[in-house]
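One structure, as structure tokens, below. Some questions next.
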Amino acid sequence: MSDITKAIAQLSKLRTDMHGKDFLLTWEKSDAEIRALALVAEVLSELHRAGRPLRVFDSGLAISIFRDNSTRTRFSFASAVNALGLGLSDLDEEKSQIAHGETVRETANMISFMAEVIGIRDDMYLGEGNRYMRGVAAAVQEGFEQGVLHQRPTLVNLQCDIDHPTQSMADLVALKRHFGSLEALRGKKIAMSWAYSPSYGKPLSVPQGVIALMSRFGMDVTLANPEGYGLIPEVVELARRNSAASGGTFSVASSMEDAFRDADVVYPKSWAPYDVMGRRTPLLQRGDRGGLEALEKECLANNARFKSWECDEAKMALTRAGKALYMHCLPADISGVSCERGEVAASVFERYRLATYREASFKPFVIAAMILMARFKDTPSVLRHLAKD
Amino acid sequence: MSDITKAIAQLSKLRTDMHGKDFLLTWEKSDAEIRALALVAEVLSELHRAGRPLRVFDSGLAISIFRDNSTRTRFSFASAVNALGLGLSDLDEEKSQIAHGETVRETANMISFMAEVIGIRDDMYLGEGNRYMRGVAAAVQEGFEQGVLHQRPTLVNLQCDIDHPTQSMADLVALKRHFGSLEALRGKKIAMSWAYSPSYGKPLSVPQGVIALMSRFGMDVTLANPEGYGLIPEVVELARRNSAASGGTFSVASSMEDAFRDADVVYPKSWAPYDVMGRRTPLLQRGDRGGLEALEKECLANNARFKSWECDEAKMALTRAGKALYMHCLPADISGVSCERGEVAASVFERYRLATYREASFKPFVIAAMILMARFKDTPSVLRHLAKD
Amino acid sequence: MSDITKAIAQLSKLRTDMHGKDFLLTWEKSDAEIRALALVAEVLSELHRAGRPLRVFDSGLAISIFRDNSTRTRFSFASAVNALGLGLSDLDEEKSQIAHGETVRETANMISFMAEVIGIRDDMYLGEGNRYMRGVAAAVQEGFEQGVLHQRPTLVNLQCDIDHPTQSMADLVALKRHFGSLEALRGKKIAMSWAYSPSYGKPLSVPQGVIALMSRFGMDVTLANPEGYGLIPEVVELARRNSAASGGTFSVASSMEDAFRDADVVYPKSWAPYDVMGRRTPLLQRGDRGGLEALEKECLANNARFKSWECDEAKMALTRAGKALYMHCLPADISGVSCERGEVAASVFERYRLATYREASFKPFVIAAMILMARFKDTPSVLRHLAKD
């Protein structure tokens, strides 16, 4: 328990202002807050490993809204809220009366009468997901101020079109553990690279979240993607500014090979072309199925030109001593396993398979940490209480 | 907390016999029981506002059966049972083996081995919903008496074809708060009016629940609807008798305008024509899709004759000082917002929007109160315990 | 409570080694363990009847994976885990990213970060269900050993292609209660007979579970089925060996009448022909809908030759004094009730209906007992604690 005691002591020294605040984008949080969040997640994980209960609520609801399929984030959220003592209620929009024309602000209040936290995944439409979350946040804020809600629930972004903060924070904790400290990340090269996938339309939020967060810790961040597969320009710009401010570097490469050269960490992952994501939104909004199918065909045909963007043994050999840490948010498209040709060669994935599972294992604790810091004023004292014999 | 203490003292003086009893229709409960239920709901709401936990169960299950879509009642039920400490298990009839020919009495027992409460929504078929609930009630009663179940779960009607008691009770609490007391409702005019909606087949249970309940408190209840849109005659008769007994009045108007004149409260809401509801049941029972589609067309065409039944500014101006309280169970069909032409003008709805949210906010506490009074013999002492520092 | 005290004392004398072990097949457990499990289930049931809370967990998740429809097992599992204090999270494979090509070992870890128990139903494919469970078990074992999981969740078989241990154990407890003790089962004749059903493809696991378990208690077990409706030969062989070892008998009859003669217990239930189940697996695996439909037609036509295999009054009259105990795992295909012609005559079923409900009522407590014995080292002391005033 002495590591836990040390971590809580470190935490006490960080100035944070997360009580009562939503967690929508990592870049809306200060460096101290990001560091604090990582510490809280680690402490919760260690307490759980030691078999200590993490219950801090007597009752209360957590609401989840998944507007896209999910396994690991769904279970990470369920795990986190259960551990803290909250009940989980999922808003299944198909079973609700939302089709009858409810507005977001009405639904947001109707589901929140006893809610402590609302977790939302809405990652399919560029320009929509994060906006929807802010709409929900404004609605519950109004409801709280106007006496509809007795408490203002906290929003947690479980992946939107811009960021995937529970993922990037879990990745950060995994890197901290791998290299020993956040300070040790300084000067380490991370390659966030597009990779080929036979499937269509994966969100941009994971690569955006990774470059925007890792650039804050003095890492040398390289982003690589085929032409037309760029990310939201404002987020790339943000990563560039973060790197400059943190004493790291930010560069863009035009091949996976260039990005991987001497990298300490590689994160090869597929995503949809930016302009396709942009064209998809209006098609989806007006329900143009024919247009969407045509766009998908075009997109897959375009993807197929970049089948060589696979994280294979040859490319891994280019990394520092051939031993870069391979990261992935899972599930990966593994060549010869989950598809004929995909993001990563089977032999590479298998070598790092358990490392990616451990990377994922931090997500429930990151979510629990986000909730804890939003709902309790004095997180260190809550943790001290949980750690006490 | 002095209001809470006062309310509990008032409660102690009311003679109620709700322990071990289902809540299926408000008119099966005495006036004292309705008053007590409103008090318990208010106390629970105030305790929650003060941040006090409402947990009274250590473990135990609440079962929900939704045979129609629902958002707010689903979340109100989930919120109520979570707050009291129960786990929630939803019977999803599509995922069950019910299609294999299970009888109601068998299923009712199979889901109830550890159930404290069963909440049911079954509002689509006239003559069926309430009957189904009584079938479930009889089945668990037999199961309990015959040693199948260790305890007899309580049934809560989450909307049937006849009544919607969690809604009408939430409405009553909202009215009590708005006017200051139940006594202050005496002589106040409430207009329960049909309103136009482009959608088909809304249940009759809300207007029926409202006229049957508000007529017990000396209000002047006016029911208005186009020809052919009457309610179940027995319920209208009941409201008439209630009014006579409580010193109020009950009248029927043939236009929204007539109903609204000098009203203190208006409740404009669409529902399906009574005879259509009656003809729908046998069609649904024999799965006659063609017949149902034809009936829907006929019904929508008929509805369209009454587009002027919209709660607009001109009609609101007819109410007492033009300032009647607008009520709705939500979601409302708002003209120009959720449909081209609907139940209520956008400007009217917007003015009362937060009031309707607050009206809805009492529903979780009404449900919690129903469960509490059914499962605990001495509700005042349970509340005193929850209120204690 | 003196019965409870006595049962706990009996339990303390039994040598068991179930802590940390999965429950996949009854025949992987020793006789002492089966006896202990029955005792624990009975104690939990009696404590619940006495209104005592069974909560032993402060928080923690139970995961359910239902790859086939289920009502009673789903609610039994939900009831058991709720009573013990666990939250329930269902893996809905349609809402997950499993379609994206996740492997079993990855998914198993991703859902298990805070899981105490995983309950799985996978009974549709001969040769697949139990294998899938072992795949999940191996995956979480690896995850635990490799630092992905902080604890190794326990697997509970909620019905596979080979066994249905929560059902057969509930049946055993029902028989123990009916005859007074496990010792009283010695020499009692149980007829596990195939019965006609108009529905296709019921799993073999119930009859297999019943003959494999009841043959361990000195019962005279008779299995009866039409030609072509045999069970997995290895399981029949196991039942035969069990009978020899326990001092009972095992025989195969070729008619329901022969099986029922002088029986103390009858268990008439439909199942799919063994060879059809075998042919179904590859058709399902390659998604051959046409082949499956043709096979179903063939199977139903074949079934129809055996409509006389109905548990009717005439056959019941052949049993000991005409009064054998009728058992069924439910739902039964009742002639004239749930189908035109089925497994059992309506008059017979009605006479034993409540007995079958009581039989089912032990299932939640059997599941709770499995979890308790797997997660706690010293079950008697846990029970003593729950029983204490």
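Brief remarks on what is shown
Residue numbering begins at 1 within each chain, and the chains themselves are lettered A, B and C in the order written.
In the analysis below, a residue touches a chain if its C-beta (ideal position, glycine included) is under 8 Å from a C-beta of that chain, and two chains touch if they have at least 3 such contacts.
From a predicted model like this one, the values you see are computed outputs, not experimental measurements.
Taken pairwise by the contact criterion, the protein chains are fully connected, each one touching every other.
In this structure chain A contacts its sequence twin chain C using mostly different residue numbers, the overlap staying below half. If you average the Cα atoms of chain A and of chain C, the two centres end up 41 Å apart.
Counting only residues that touch two or more partner chains, chain A has 87. Here chain A touches chain C in the complex through residues 45, 48-49, 51, 53-55, 66, 69-72, 74-76, 78-79, 82-85, 87-88, 199, 330-331, 333-334, 337-339, 353-354, 357-358, 360-361, 363-364, going by the rule given at the top.
Listed in rising order, the residues of chain C touching chain A in the complex are 58-61, 63, 87, 89, 91, 95-103, 106-107, 109-111, 113-115, 142-143, 146-151.
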